[in-house]
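Have a look at the structure below before the remarks.
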Amino acid sequence: MHFDPAYSGNVFIKSHPNYEESEAVIYGMPMDWTVSFRPGSRFGPTRIREVSIGLEEYSLYLDKELEEVKYFDAGDIPLPFGNPERSVVMIEEFVDSVLADDKFPLGIGGEHLVTWPVIKAMHKKYPDLAIIHMDAHTDLREDYEGEPLSHATVIRKAAELIGPKNVYSFGIRSGLKEEFKWAKENGMQISPFEVLEPLKKALPELAGRPVYVTIDIDVLDPAHAPGTGTVDCGGITAKELLASIHAISHAKLNVVGCDLVEVAPIYDPSEQTANTASKLIREMILGWVQNRK
Amino acid sequence: MHFDPAYSGNVFIKSHPNYEESEAVIYGMPMDWTVSFRPGSRFGPTRIREVSIGLEEYSLYLDKELEEVKYFDAGDIPLPFGNPERSVVMIEEFVDSVLADDKFPLGIGGEHLVTWPVIKAMHKKYPDLAIIHMDAHTDLREDYEGEPLSHATVIRKAAELIGPKNVYSFGIRSGLKEEFKWAKENGMQISPFEVLEPLKKALPELAGRPVYVTIDIDVLDPAHAPGTGTVDCGGITAKELLASIHAISHAKLNVVGCDLVEVAPIYDPSEQTANTASKLIREMILGWVQNRK
Amino acid sequence: MHFDPAYSGNVFIKSHPNYEESEAVIYGMPMDWTVSFRPGSRFGPTRIREVSIGLEEYSLYLDKELEEVKYFDAGDIPLPFGNPERSVVMIEEFVDSVLADDKFPLGIGGEHLVTWPVIKAMHKKYPDLAIIHMDAHTDLREDYEGEPLSHATVIRKAAELIGPKNVYSFGIRSGLKEEFKWAKENGMQISPFEVLEPLKKALPELAGRPVYVTIDIDVLDPAHAPGTGTVDCGGITAKELLASIHAISHAKLNVVGCDLVEVAPIYDPSEQTANTASKLIREMILGWVQNRK
Amino acid sequence: MHFDPAYSGNVFIKSHPNYEESEAVIYGMPMDWTVSFRPGSRFGPTRIREVSIGLEEYSLYLDKELEEVKYFDAGDIPLPFGNPERSVVMIEEFVDSVLADDKFPLGIGGEHLVTWPVIKAMHKKYPDLAIIHMDAHTDLREDYEGEPLSHATVIRKAAELIGPKNVYSFGIRSGLKEEFKWAKENGMQISPFEVLEPLKKALPELAGRPVYVTIDIDVLDPAHAPGTGTVDCGGITAKELLASIHAISHAKLNVVGCDLVEVAPIYDPSEQTANTASKLIREMILGWVQNRK
Amino acid sequence: MHFDPAYSGNVFIKSHPNYEESEAVIYGMPMDWTVSFRPGSRFGPTRIREVSIGLEEYSLYLDKELEEVKYFDAGDIPLPFGNPERSVVMIEEFVDSVLADDKFPLGIGGEHLVTWPVIKAMHKKYPDLAIIHMDAHTDLREDYEGEPLSHATVIRKAAELIGPKNVYSFGIRSGLKEEFKWAKENGMQISPFEVLEPLKKALPELAGRPVYVTIDIDVLDPAHAPGTGTVDCGGITAKELLASIHAISHAKLNVVGCDLVEVAPIYDPSEQTANTASKLIREMILGWVQNRK
Amino acid sequence: MHFDPAYSGNVFIKSHPNYEESEAVIYGMPMDWTVSFRPGSRFGPTRIREVSIGLEEYSLYLDKELEEVKYFDAGDIPLPFGNPERSVVMIEEFVDSVLADDKFPLGIGGEHLVTWPVIKAMHKKYPDLAIIHMDAHTDLREDYEGEPLSHATVIRKAAELIGPKNVYSFGIRSGLKEEFKWAKENGMQISPFEVLEPLKKALPELAGRPVYVTIDIDVLDPAHAPGTGTVDCGGITAKELLASIHAISHAKLNVVGCDLVEVAPIYDPSEQTANTASKLIREMILGWVQNRK
């Protein structure tokens, strides 16, 4: 008998078995050690892959099939438990390598802090990087109870690195008063509560620029994503989030990388959150990877 | 002591104890053996009946009470585990009998394949039958991994039997590229993503014709129906589905039978899916049974 | 088509359709209004019946099949929500009728207070009644926060009615200091922690007397019955409880009625508690009903 | 070591430690004994407090922080299990005291019956009281299966006390035919299905009057509040409920007290319902307390 | 960057990446289509692999580490949904190949029917095969509601193939009266209720013979394995099952293959059943594979 | 109205409101940041307190009531998320203070690493300290994936501090081969699999010495404690653990402090684990605090 070693792999559906031939790389960042409320997003990447077998391979929204894009699923980066410092270093090194090979990085969290080292790597390659950030929370704290490396500081650190004017946040409905003040004073673009309409307005400004998109699943209302650490009502629907992904695709934005974070399966026995995440990732693959310049 | 033998019955609320005097017949089809992803809809009919005791008997939407319609709950057809061939035969025979007695069949699934034998029975009685199909999925495959009797082929088989032009699908958001192609080439009506608005446009065409309505609960967004086999985000709200049922009622369509399928209780600890199904069935009883010509 | 009106009934498996011809009567007492900690046992009877379809009809323990005993499932007594006074009256009247027809009453709770009116009815017919009580709790309070009708007072009231010396409690592991004192001073038999061994010692004393057996499912360790209001560790295994039921059967005790109470399905997603209850009831039917003199 | 006795308290986030200095008083009413379908709301207040630690202290909607309002968390009123008569007396006495101290009462249920004694207390102080009632259900029954003290009669009793014309119900989608008839004949304002738009129309009429607002969490669609006793589909979104709270705030209505009832945590493993309730309470504190005249 | 294609694989912990060099082969049989009560074991193999990452690699019971045995995880056999006939053919062919390569097959179910084709393949290679069967159920039916291919017939079919005298069943506590009769009349060895003690007595008889061991997880009491289709109380503890595996190991039995079936993860939110299964598989690997002659 | 500020406190049942007057101090250590498998024990202390309201105040095992011992519930130490270094410092300082006030510290975890700083504090006061350790795991690693501060290293660090010969581990069933080797070579007492019998043998050796007892809830079989991070089958029963606590009490051991760790409520919808933990703590309070010399 002959066996393909990837035969039994719990990989994202229709992943290409060969890294070298792939345009994009999916990778998991199973880390939740700085979470302040409910942990569990470390199991997000595994569960999202597991339920991806239930996905249709064709997107009616984009009229495109998964086999039209080659993406490799690199599995989870083996992050050290309880050590945010080493974890962010490992993630940055991983993404450096992916970018060195000129592939599109598509990360799955894990808590939102994982986006920080990705942005650092992206910024080295794309100095004029802009960020589209969809989230319930500002994540603009300077530190969280004295800790600068935190899920609650990730966008602040990113904004300080690439310039606050280059960060576009959408769907925000929670944060400290100081965070909103800092954003305003520093020229950051924060669109409260809504995503699709303000995004459509912002897209022309972003034309041609390299853009990184980071989506915290809690930008969705808890009705649509109960399986996350912080369930904060008043969010957008899955329909609006899908339409936002498609708007970026239709605008032919030069998306150079992206992530989806904060799926915590244990809080959602229906597994709708992981299933939704897998569908969003399908749309991100089909809609964004091949628009990269 | 004297006991009515149906005293303890787990029947749909306000069911009439006498078959002969009833206008409609509720029956369960507890089958999920061809399900490709998550099984469990075999327990749908029982749980929907169980939670129906929480229903109000009056519909504010239709200004009508359950006691105005006589319907008998015939229980579940005792389908043989793991045998789709015999199961579809048993269902067809059951519905043949219901139709021979000139009653309105209202079926509860079970997986969507159960609708195939119902349609066969309906078509024998109503050769000019049209179908209204509300679902997240096309269900138009020719076979599923080589198997022609499958939840994924049910509408294809129905369309081939009654003519694709007589099938109106609404709310569809998932399927194979070939399925959409087949539908288009054969004149089937597929309304993607939405239900209420395209339905309102289609209703005049359907006036006067005998119509069978089949609703897969997954036409709802998973936020509204987490308890189903395939949770596919981007669906409609329960409000829109209720309004669609009412639109069919207000148009005085000649509905001659209907079903609601794919409730799988185990995935929904809140039981909102079963509760929603029981309310939808109340509205189907009140809105459709007495419009039958 | 002809329908047996009980066709769809959610009745305990293999129930006989005719009350008059039956030796025993199963009835539900869906009441949990005086519960002090976690409510939900009102749904016990329905769920136990529902899962009884998974039972084998043959007991290897007793080498006997369910069809050897005729029992009627009378459904749930429609108790008024939040009104313990009226509820106990209704239960007593129901059991009076069952006893007037000389049938064996087998009740399913509901909270333990439901046993009080049953005992009252039993005692009218059997003035020399003894009680076997298996429970984690003494239930010997005089009142509970001023309320004499409470799940926590049921055995006290029973003991005062039939005489404390006629009450044999087994498996007790929780109670107030005063309760144990009262029991001791009044000659009640309390066997702490264990059931099978002390029961075997007590059986000879009970020979020939009419005995009512009341089992609170929480006599089991929470490992074996997580779906109950009060999960109090340190209980017996399901094996020991089964063996205790069989010991009573083998001793040919004159059991004249029995109940099983406090299954609260919502706390047990695995449904093992309801399944266990349904198996216990099978053994009670097979082991006890036909030993009645 | 010195300890603040409230150090470990499970109190609503940012509660003020001193009753005398507080403007508002939060109190729990852990009662569910008259519930007709699924009990469990007795654990609502505790769980809402527990998850409130995940709340941001700043409201972006109202641009206001919790520390701007002083509110004391008085804990749960120790209501007697299974005794609605004594429970309503205890609640009324508690609220009498709060009002005597001229503080704003903010109650957390528990089943909806708890609102009845609150209204009685409010009406003694504010004879021209009006009520804004957001709910899926009319709660206008004269009695429930013979029982006048019931979650299903609470608004009827209130309406009879303060005059039906002074009661404004919003979002209603379930009830008996007679209830709607009674409401109409007696001049009560019932806005079916929707909340925000009819509320905006009603606000001018209510200007200047003392208003009590009672929110049953089931006014939300089950997608947004699965953790409640009666999950009745077709409700409003959390966005609409938040906007309704804000509309009352922006209209500077003289809200003199309020409650949020019917959160039953056990039915919602994601805890989104309790989290949503805690956010709604934050907005009620920030939006209403300081508008009181 | 270089990637090992198995990097992200959801394989059983410490699986060897190379089939040819391995002594044993783990394979999943994700099938549950003939299940009569609660389906869901199709997800058993995937979840058992997923949680195996939580396993220690050293067995204190056997003083042995996983790296001392080379085993390849071949993933799941892609069985066709709802088609038992084709499924059993595919399994038999798979095991034929494994045996042709002289490797030890270790299968993970899926429902118990999967064992039937394995036994057929084993028997072709080992005509004097004996079977050790640990289960709550006899599985000795001739057919199940007319269906000969069923989880309830698997041991009957196996016994008829290899001779009933060569089948040793342990821990049985449920079955039809006829099944026990058939077993007795045909010389099958059934040890009711217990496993370890009767197994120790049987081991000498089995010395030297090729033995296949099939374990249905429901031989455990539901307290120890709530995540299975049929939860039947009165089973053995996990300690006893571990000791039974070790007894076979210490007896140096010539075990030539084995399986573990019927883990259905959805019924067990704690995932203890899948975790227990993964530990049992570790002990089976360490205790049995290298005793094969 | 007058309010006791601790009125609403979520404190362990019957806690004394005054620190100074108390003999013992309960404190939570809500930390799970170094957990390698399933996080969630940060919510252990809160949930254990919450369910403690369901406890009887009298122990039949010890014939003693909670009011006979004065213990203060100090709440949770506010540990910084994701920072094990600062967390252990804060815990050590807290316990230093408790010991300085000559009170008995009773800690609730959180992950097992929390015990390390407690031992450091204890050892400063009691240089001849011995440790009784009940656990499924050795926790004797030198580091965990390079990290010395880990739940998996806690007993190693403690053993190195107080001398391996002074550490008595019971119930151990998992660990690395090296860990057991290290233990053996260094004279540590490890009793595999069992607790009660080896403990009884060890008690005489410990007479008169100051002893700290640390209990990892996973020493219980997962059947008895599904709500923990690592569910490792083959553990002891709750009965055996209760008896072990009582054996220490009856031996009049000089217990000078204790903890109970690793309850992770999210994995146990029945809440039996938290309820069991609360009962164990009651027995530890009643059985140990007043034996301290």
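Each chain gets a letter, A, B, C, D, E and F, in the order it is written, and its residues are counted from 1.
To be clear about the criterion, a contact is a pair of C-beta atoms (placed from the backbone, for glycine too) under 8 Å apart; a residue touches a chain by one contact, two chains touch by 3 or more.
The UniProt protein names, listed by chain, are A, B, C, D, E, F = Agmatinase.
Just so it is clear, the model here is predicted, and its values are computed rather than measured.
*Asks:* Stepping chain to touching chain, what's the minimum from subunit D to subunit E?
*Replies:* Between subunit D and subunit E, the shortest chain-hopping route counts 2.
*Asks:* What are the mutual neighbours of subunit D and subunit F in this structure?
*Replies:* Touches both subunit D and subunit F: A, C.
*Asks:* Taking mean CA positions as centres, which chain lies farthest from subunit C?
*Replies:* The chain lying farthest from subunit C is A.
*Asks:* Could you label the subunit A-subunit E interface same or different, taking same to mean over half of its residue numbers are used by both chains?
*Replies:* Same: most residue numbers at the subunit A-subunit E interface appear in both copies.
*Asks:* Can you compute the centre-to-centre distance for subunit C and subunit F, using the mean CA position of each chain? Integer Å is fine.
*Replies:* Roughly 38 Å separates the two chain centres.
*Asks:* Approximately how many whole Å separate the CA-defined centres of subunit C and subunit D?
*Replies:* Taking the average C-alpha coordinate of subunit C and of subunit D, the gap between them is 39 Å.
*Asks:* So which stretches of subunit A touch two or more other chains?
*Replies:* Each of 36, 38, 221, 223, 267, 269 in subunit A touches at least two other chains.
*Asks:* Viewed as a graph of touching chains, is the assembly arranged as a line, ring, star, complete set, or other?
*Replies:* The chain contacts form none of line, ring, star or complete graph.
*Asks:* Who touches whom among the chains?
*Replies:* Every touching chain pair, ordered by label, is A-B, A-D, A-E, A-F, B-C, B-D, B-E, C-D, C-E, C-F, D-F, E-F.
*Asks:* Show me the residue ranges of subunit F that touch subunit D in the complex, using the header's touch definition.
*Replies:* 1-3, 5-11, 17-19, 28, 46, 49-50, 72-76, 97-98, 100-101, 269
*Asks:* Touching subunit D in the complex: which residues of subunit C?
*Replies:* Against subunit D, subunit C makes touches at 32-36, 38-40, 42-43, 80-84, 144-147, 149-150, 266-267.
*Asks:* Residue numbers of subunit F touching subunit E in their complex, please.
*Replies:* Those residues of subunit F that touch subunit E are 37-38, 137, 172-177, 180, 192-193, 221-223, 226-227, 230-234, 267-269.
*Asks:* For the complex, which residues does subunit A have touching subunit B?
*Replies:* 53-54, 56-58, 60-61, 63, 65, 221, 223-224, 237-239, 242, 269-272, 275-276, 279-280
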